[in-house]
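Listed next: structures, encoded as structure tokens.
Both complexes shown next keep subunit A, but they swap its partner, so subunit B is in the first and subunit C is in the second.
For the complex of A and B:
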């Protein structure tokens, strides 16, 4: 809880620092706040806090703490990454960082939620700043359109989620997830209200994480937003949304499995293939990442079906690998001038600049699931979990990974093409830091298995 | 002396569901963005009604507190939504949702 408060206060401070128009000051204060929060989370449970977090129904178990640490690190990297591109327009960097801080507050609430109050509030605090962030490219028509689309689909999903929560309350008379779980276990609920409620909550969350059949907004929204915002959406927002979904289905509705298992089965299979099949022909990095993100969401959703110990660290490694790879790709894509068709412009960048080349190699091999990178271990462990209970799902996951590998290797060959029309690229400190940290996470991130 | 019998909870559920469906239907078929915002607001209010009805049914004030949260969040959401709408209107000079076709593919 202390860490959540620290991040919120940091956001408020950087809102005021916006007055001075000094991006460096805003960046420094935000990184200071983030590292304080990181330390507090690292020491979580070892010291006596004044703010007892179970009063606020926030409880972080093993993977909850790891994912909180991960989202703090990812947000810090996104801030550093955005420093260069956003500070060209020096007036609003501090505002954007404070919006990201507020959104991170929501993400942390969502990761540790123990009742529907915290769940709903966390989800809204996570989403509302992102609606603004998406629309933050001033004077850009695509950005305004993306913000509107994201806002309308997002608030529609919120309304569905709330109706679901109301129905679940009607079925059990409680918002606390332990009480609801107990009521389901002992059969003390009204099934006519409970099952539609559970399905509506599931649908709303699939909407937020961008899984089939609610994936249509992702490509448009990703294309309209700036690259740092897109990086934020594919790291922190995805981490929090997916983990909340896994917790919800595991902790609360785990004993209602018969009712939603088939639905989720179909959703996962279509999600797995749809993303990569649409990604094959994309010309811009943003859309490619959007579609490959859909398929990666599908693989992360496997952890719901595994029914194994829900404190498992497998999803942590997978989300870490996906987020770090997306960061590397986006930082490299920032070097292109042309927004619409940036892949053509970046042809041969890995060949001309070996530093970027190695980072791209690691990121793309990790995404396609080739050992010894984190992406491989994440995929392997998630697929292994469902192998016994749902062999069909694991076969589909492997097949979709093969299509994914085709997409990524093609991209890799494109980056290492000898002939290129590449304009000169000026490497800056910010992108070097982000690329180095992300590559280290990709190489050594799977070691958290042994913590 | 007239005695009032409490209304059956079923009627509240039916009414709230009806309001919610009307709102959801409106979001899907209407093209005017202001009307879309109103439809989402209608859906949220249907939820509020349902929450309050269940709250009195269970004699449990939790759901009434939840309604306050929903009202506050709905206000925040409407603020952001209207600002985004104005941003879009300045660039596109229209509030019809079908003009949004720049992003495709």
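For the complex of A and C:
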């Protein structure tokens, strides 16, 4: 896949551009690289759909292409957002962008993987730069703690994943997912190795996406990282991780359903409620997003349970909506002076600045699942598919949406308060661009269903 | 189609109209929609369904975006446009009318309402249904009482909770048919053990919105802290969405579950009638009196709809129209009295009729309409409803008829405490011309429909008959 190479090379270039201490230069070259990659992916998706070219066993089907395009767009928005936030100290902007580019390379590998080599390599290339990014707030203790915590727990999960892959290899003698899938279908595998292996892989991936019972790292890590890095984690990292999980469970282990379905059932139900219930009391945007992100992961995991072929298609719109809403919220949170307890400071921002107000309204309503925004369609698709086979799950999803709506609507009322103590904020071009694009995605993003 | 799209256009435009033109423009926009729907009403053929959008192909997700109106639909569209016009008119001399955001929200609300009444596709119905919630929510937040955050959250979450179950019901129904088109849903072969659950999903949404007895707790606090326009919209037209949904969506789609839910819902309705009336008797907050009166009136309508016979449905529909009119009138009077006295406590009011004779007269007229005296539409509606309930079960009929007696008591009590006796206030402004116009329009329409109920009946008769026949057909088909 030439697009992946383009992104990697762009990352290398911006590593060297760091010498010149010109953030604008780094941003321009990165955006150029990203738009080239976007075009290449677009052409791949449009003209190459019949004859999928294999490139180190990377294959992108319909939703793979869409999600790759989405993660490229989201990364570009995060870069623009980061350019804005680094206004005081921009000396390391180019380095951070290059790390983000490398991580995006990993994300694209993870989206298109067709064997366990690429899967593992993609996951590591995705994760390792993020460990560094989390610790990028120099001189901040929370940031260092978060990075260390994320690194230790993350590498532990990686070890478990590796062990799982080894067991699956032992059970079937292959890394290729088609061959493994065929072996499972025809019963040519060793169940004593296969089932623990599959469960270990599942556990490691549940850790990466932050689902119960592996969710403890999210709040601390999210709080320690800067807002652009947090935006990156709740967009691209989440997209790649969740899609890989859905692909894996659908493509390979779909026929072993009896062994992991019950586990996942419980995981999803707890995840759905745990996140929103913890989010109610949060005072900072980062922690609120961390906890509400857990519940949103739970809803995204429903696509595994649907058992339908288009489970992976359904997740696209949901991830798009979630990422775009998180971006809007984080860009608005950037206006607060206080990095930690920012919500109190932002009281009434939406009423005083109608532009931000409309964006916040759209973002929060979309997160609550109110039509006609993308978030509604995302949830609709996911719930629709599990409704007939697992009615209890769909009812749980609906109930958790109500709790989520409580969290988000309370936030909305807070932002729309008539009396505000807010200091004057200056809207800059970068944040206007990010908010506009994200809001357009939220309003019209669901139309990609019709493509 | 213009009936749906015009309010959207008006809503967006209103946000950009400067404050001093706001009141004139909003009245003008509301009048244009009202004229458009009146013209349509005159040329309407009640026995054919008029499609605005008719996609017969199946689309992604099964969404067809179909919209159509039959006799019932055009009646409800006319009602919603009338109510919006009355709201705009009664706000004309108030501060809110010169706020761009207020007018914008009003017309976005109208867009949602018109969509609900015209939607012919399950998902589209749900989308418009939720769309009405946002403008009214923001209106209540920005223009309502200051300390209403908790009430607002309760209101929003309660209604969202209900309607999400309706969404599940629609989705479950749609799983057995290629698209969510109304006609397709009608003939979907849903396994009979699921039908009852689906009915329950719909019922939760509608019971919260109406509100039926145990689900009513959001209503009185919301009404008493909302701005006048918000209360009028909620009571006069948003509740009608739920009743309309029961008639058009819930019962025809899951008719075979009606047997199971008929008795419980009718009992809840009857409890609501008595409970609302008794609380209204004891309540001293004027707005809350009318809020509980609304629970009482709507309990009867809901019971009538659940009986689902031709007479009961006719009574319900007439009473729906009538209730919209009296809700506008009563909440306007309550707001005027509250403004003049500076409090909504009935104990501290008194003698308004002496210092403001025009108010006294028109308030009395509105109260008489609300009492359903003969010659008003309420008389016809309640008569038909009580007759239907009586035929269903004589005891219920007797209990339901108490609404007439108790209604007279609490309405006249509210009138007496606010307007009779020694004036506790002097030197107040009497009715403004626009307020008088609203009350007069309400009175004229209520009397007109009381003298000529055939206007409504002939309009909705074909669609109701068609629905009743259809329901029998599908039930036979499943058997």
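Convention: the second predicted complex is superposed on the first by the 437 of 451 C-alpha atoms of A that agree within 3 Å, B and C clash if a C-alpha of one lies under 4 Å from a C-alpha of the other, contacts with A are read in each partner's own complex, and residues count from 1 in each chain.
In this text, a contact is a pair of C-beta atoms (placed from the backbone, for glycine too) under 8 Å apart; a residue touches a chain by one contact, two chains touch by 3 or more.
Please read these numbers as outputs of a predicted model, since none were measured by experiment.
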item: Superposition on subunit A - do subunit B and subunit C clash or fit; value: fit
item: Partner chain(s) touched by A:31 [first = subunit B, second = subunit C, both, neither]; value: neither
item: Touching partner for A:449 - first (subunit B), second (subunit C), both, neither; value: second
item: First, second, both or neither for A:425, with subunit B first and subunit C second; value: neither
item: Partner chain(s) touched by A:146 [first = subunit B, second = subunit C, both, neither]; value: first
item: Greater residue coverage of subunit A in the superposed arrangement, subunit B or subunit C; value: B
item: First, second, both or neither for A:158, with subunit B first and subunit C second; value: first
item: Contacts of A:173 with subunit B and subunit C, given as first, second, both or neither; value: first
item: First (subunit B), second (subunit C), both or neither touched by A:223; value: first
item: Partner chain in contact with A:370 - subunit B first, subunit C second, else both or neither; value: second
item: Minimum C-alpha separation between subunit B and subunit C after superposing on chain A, in Å; value: 25
item: Parts of subunit A lying in touch with subunit C, wherever the complex brings them together; value: 365, 368-372, 376-377, 380-381, 383-384, 387-388, 391, 394-395, 398, 401-402, 405-406, 409-410, 413, 416, 418, 449-450
item: Touching residues (chain side subunit A, partner subunit B) in the complex; value: 116-117, 120-121, 124, 128, 131-132, 135, 139, 141-142, 144-149, 151-152, 155-156, 158-160, 162-163, 165-167, 169-170, 173-175, 193, 219-220, 223-224, 282, 287
item: Complex contacts: residues of subunit B adjacent to subunit A; value: 13, 16, 20, 23-24, 27, 33, 36, 40, 43-44, 46-47, 50-51, 54, 57-58, 60, 62-63, 65-66, 69-70, 73, 76-77, 80-81, 83-85, 87-88, 91-92, 97, 100, 102-105
item: Complex contact set, residues of subunit C against subunit A; value: 59-61, 123, 126-127, 130-131, 133-134, 138, 141-142, 149, 152-153, 156-157, 160-161, 164-165, 167-168, 171-172, 174-175
